[in-house]
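In the two complexes that follow, chain A is the common piece, with chain B as its partner first and chain C second.
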Partner chain A sequence: MTDRLPLHNRVALLMALAVAVAALALPFLGFAPNRLLSGRPVPLWPALQGLDGVAVLLPGLVLLTAPFLRPTRAGLGLTIAAGGLFTTGLVWLAGAQAASLAQGASAAARTSFASGFWVMAAAGLLTAIDAARRLGLGAVGRLAVGGAVAGLVALQLASGHLDALSILKEYANRREVFADAVLRHATLVVAALIPTLLVGIPLGVAAHRVQAVGRAVFPVLNVVQTVPSIALFGLLMAPLAALGALLPGSGISGVGPLPAVIALTLYSLLPIVRNTAVGLDGVPSPVREAARGMGLTPRQVFLRVDLPLALPVFLSGLRITVVQAVGLAAVAALIGAGGLGAIMFQGLFANALDLVLLGAVPVILLAVAADALLSIGIAAATHRIGVLPGRSAP
Partner chain B sequence: MIEFERVTKRFGSWTAVDSVSFTVAEGEFRVLIGPSGSGKSTVLRMINRLIPADEGAIRIDGEDIASLKPEELRRRMGYVIQSVGLFPHWTVERNIATVPGLLGWPKARIRDRVTELLELLNLDPRRYRGAYPHQLSGGQQQRVGVARALAAEPRVLLMDEPFSALDPITRASLQTELSAIHRRTGTTIVFVTHDMDEALRLGDSIAVMDHGRLVQCATPLEILTHPASPLVRDLVGREEWGLKRLAVETVGDRARRQESVTGEPLAAETPLHRALSEMVARGTERLPVVDGDGRPAGVLHLSDLVRPASGGAASSGPAASGTA
Partner chain C sequence: MTGAGMAPRELLTDRLMLGLVALVALVLGMPSLKPLFATLFPRLDRPLYEAESFVSLTLDHMALVGLSSLAAILLGGGAGIAVTRPWGREFRGLLETVATMGQTFPPVAVLALAVPVMGFGAEPALIALTLYALLPVVENTVAGLDGVPAAVLDSARGLGMGPAAVLFRVELPLAAPVILAGIRTAVIINVGTAAIASTVGAKTLGLPIIVGLNGSNQAYVIQGALIVAALAVVIDAGFDRLAGWLTRWSQR
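Moving on, here comes the complex of A and B:
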């Protein structure tokens, strides 16, 4: 067995196997006469035979060879392209299939993504992400790849090619609600972020300077993190409702955006306070001593030395905070805070999975976009400093 | 001029500096030496008020430093530490420009000064001006550290074991450069070290500290020939005492001025132990000497190394140490 194929990439092999199994054994789409009935499975194989199938077949075949490509720039670049194009090709094929299934069916008929689609799309993306990591792609490069994949899907959305898919029919029914929900969701996150930063940064600075502050603050914030979000939302309802009753006309109430913002702030404090303190702890003491010895005032030492050197660690805390808040804000819909969570729960209660998706996909995209943007910020803040101790947060 | 008058510093129940008095003259290169915990770094850091004195007075040019704002005081002094402490997020140029910037120098003057200092410390300005500290070797970083300390033309330069983390070759070349800078600028330097060879090599005078007290303050020659205590004798060491003794005097001190001889000449400021090495290497007992301008300045004989021909001021043996 000396002349067998040389295996270079185990991750790609696993993903290629997943693609093969999903393509053969799992339904690609589901087609139902209306959104309440469960659909009949639509397999991938027949769909591949048309011209639209090329969009999946071509990158798919490359993807199957990816485990055996040598890990050169060209090989990994090809793997990234194949993984990305395979996923966008699946979307394209799903759109085309949905359009042809819709012909001759009633307007209430629904074509949804099925398990095969999800497995293959995830495998394609994971292959691309893994290859990007092997290639050592920086934050900007990863964002470019992600942007290209997102752009290809966005083009299909804009052209109307995907309109026959169930998730877009749900969207068409809720166009205005959807836009409001996205805006509301982002507003909740930003509204929580402002008090978090205003309180968290000074608290982090205090924890860095006075050990006792850290010993008092961190256990409390750690406990808050362990409280399940729904419980915290619930816990805030009673006191806020009481406060609202005390101050009629103040607009304070146990439900709605206010308890959501308070709960999000409480969750967001830990990463901000911790990373502010850890970042400042990581500033090398000789640098600080030299700054003082040259005659920088305490304020100048803080602004010119401590702050820029602690920035990368602080930004990684901000990244955790934002990504976490985007996700938690979805749960806040349960206490009437609105946002994309409202659409998700509506779908859950109505057993309409595509409606759940319509809420969940933008939440994921918001989180991924925030993560990518802050990664670039962290890379920019780090690249000049070289290697500093204490860069990574615990 | 720096004056310490009965200065004491305590950390809790521990007395780090115990009623120390001394004076560093204008333009003097004073080395503070002692075992760790002797209080030498504390003394240094009291000069720029990084550590406040508990008792006594510290005066610079007659002015009590307690009456000055600490930041203003520090901006008038250069400060170099062992771990360098360059700002990792700033370029070499911006690091060097720190104090001139704080003092509000015009941009063009700062730029010229950075160029001048990089050349002074043997760093090519075109190559290193825009570099970041992590791109430099340890020796280059400390060169930038020294340049940064000299940037605003301070009258006083404070150095806390600045070369002790460097390899021997880099350390030797930085010592040579520092000596040259001292001669050229006439800056008063207070230099902390635990290395007696470095102290003998660099200092105009050496202050030996132990347990917070000043044990002896004298010229290198005096320290070598008349150590005031067993500790000083231990610091000097018995090994190669003779070579250390030679190292604190120069060829110019011992040359016979009226004589002349042919051969590759030695510069008058060459330390005597180098001259001995040169004689051994060349297999000769006489070497011609030239002064700073390259004019003949006499001849050095092998016998002059053992005993000054005209009976110099110094005694010739370690009489007080009893190791001759």
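Moving on, here comes the complex of A and C:
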């Protein structure tokens, strides 16, 4: 036994300290008689005494020892498991607490997550993510860790264990509105993506082949990207409303999904055009010449050489576009386009904070999920072409 | 193309000058456009947003963006410097992960989440904007400091420079263009997010837009949108100019 504990992981130490401070000093949950009143704080300690507390206590204790674990496969694997299970355990405990607080309270009573929950959940996740990186897990491996945590939370959601929490009460009140909003949100993004790809890819190819095209197109798209979304939505309203008045029966209107899709398309073009052009620019000319030397026609060279080699860069452009469009579609709710932003802003305007969460959290989850899926696609496309000399991975 | 030696012709095609003139004209002259808006929208009782002056809204907007960006530059730059020092290297992966993951969160959602945590008003907006602006600043500070060639660092140390002198006289000047690009991204995002911050109780140029959208007053929407768009374009053009100067200065 040495005098001092051997410190192996200072990141885990910082996170363990954050967990300790949050557990002692910050409220775990907030309990309010109804959704308009602010809640009284519910600390973590009393909640830990029951059987449900084990879900947090057990991984929590391992998490506190994580800074001193050797950075071996076993040590880091244990840290990943402890961090992930600690976060899902917090969710479980919050659900159980909310259910017990709901007993004997009116149906309007609300239990919501408080700052202590958020700090501890984030610390648990970050410990796991950092340990996964130390273990040398690639993008896909880290996504698997994140997917496992998301899966455990999804199971709790599906089982009804979390139903007494305020965000789910809010959901239960507007199940259909919520489902419609998610669908509408995704539809807006896809509806903008189709014209973006149809126009953006040919434009990117043209910018790669003819320099003058790039010089003409990029400054315009850059300025569009600079204009704040809410301003672009606003500026599109009047011309479209005027057009709708000129063409009665055309269905054109200054509010609703049409201006939203037009604005989303304008924003989405830049990453697609730029990355199509940059991806093609990055194809080494010896490779192209070798393909021509083998007797491939220009069309075959484009389809079999240029396209697969430019694909990873193109996909990173698509990733930027989709993640950006998910966020912009939320702003589009302000001009009546619907989607999850409508729920979020309805909550903000009515001072209903659980409603804000019900809108904002799924927007973030959608963006993160789109990012994760496209990351896997980029990893696969990069893996397929291998590493070319003189060309760094995107 | 510096301001002093500019020919009249260049002055006319200069994006920064044109934008600045347009912005000032819009902010100061919007009240005199009232007859125009009254003609364009004859059905509106109030064709001009007059609850607050556009001058004060513009100043509030710029203060919110300026303060949050300044805080993000100090905190994000500091964190970026810390994780590229030997003693902070262990936290680098964590910081990069947070910066990359955080940037997939839509700014409007981050802004909305500030309300359940901190309530309504300018302060939660300031904190949300600061947090969001941190990410590109951190990312580019780390990337910029990383891009300084090891040979340059070695020769600076060989000349007898201490760690602080190497940082301030060699690393930061060489990394400045990349760091500035991160600051530019952060500020441009913040100009747009600050406009949306009117929905969480901050008084910014987004207020006429939000009030106009909720009250079906298209004139208000156009007035707010024109000024905030001009502001964003001017700030972007200003960064363009700054980046040009910086590149020339660091190449000297």
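Following the convention adopted for this analysis, the second predicted complex is superposed on the first by the 382 of 394 C-alpha atoms of A that agree within 3 Å, B and C clash if a C-alpha of one lies under 4 Å from a C-alpha of the other, contacts with A are read in each partner's own complex, and residues count from 1 in each chain.
Everything below uses one rule, namely that contacts are C-beta pairs under 8 Å (C-beta built on N, C-alpha and C of every residue); 3 or more make two chains touch, one makes a residue touch a chain.
In this text, all values refer to a predicted model and were calculated from it rather than measured experimentally.
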Given the superposition on chain A, are chain B and chain C in a clash or a fit?
fit
Considering only C-alpha centres, what angle arises at chain A between the directions to chain B and chain C, nearest 10 degrees?
90
Could you tell me if A:308 is touching chain B, chain C, both of them or neither one (first, second, both, neither)?
first
Based on the superposed arrangement, let me know which partner A:293 touches: chain B (first), chain C (second), both, or neither?
first
Between chain B (first) and chain C (second), which does A:284 come into contact with in this model arrangement: first, second, both, or neither?
first
Answer with first, second, both or neither: which of chain B and chain C does A:118 touch in the superposed model?
second
Comparison of chain B and chain C by chain A residues contacted
C
For A:215 in the superposed arrangement: first (chain B), second (chain C), both or neither?
neither
Does the superposition put A:341 against chain B (first), chain C (second), both, or neither?
second
Where chain B and chain C come nearest after superposition, their Cα distance in Å:
26
Show me the residue ranges of chain A that touch chain C in the complex, using the header's touch definition.
9-11, 14, 112, 115, 118, 126, 129-130, 133-134, 222-223, 226-235, 237-238, 241, 254, 323, 326-328, 330-331, 334-335, 341, 344-345, 347-349, 351, 353-354, 356-357, 359-361, 363-364, 367-368, 371
How about chain A: which of its residues touch chain B in the complex?
284, 286-297, 300, 304-305, 308-309, 384-388
Which of the residues in chain B end up touching chain A in this complex?
48, 50, 70-75, 79, 81, 83-89, 98-99, 102, 132-135, 145, 148-149, 158
In the complex, go through chain C and note every residue touching chain A.
90-91, 93-94, 97-98, 101, 104-109, 112-113, 115-117, 120, 188, 191-193, 195-196, 199-200, 206, 209-210, 212-214, 218, 221-222, 224-226, 228-229, 232-233, 236
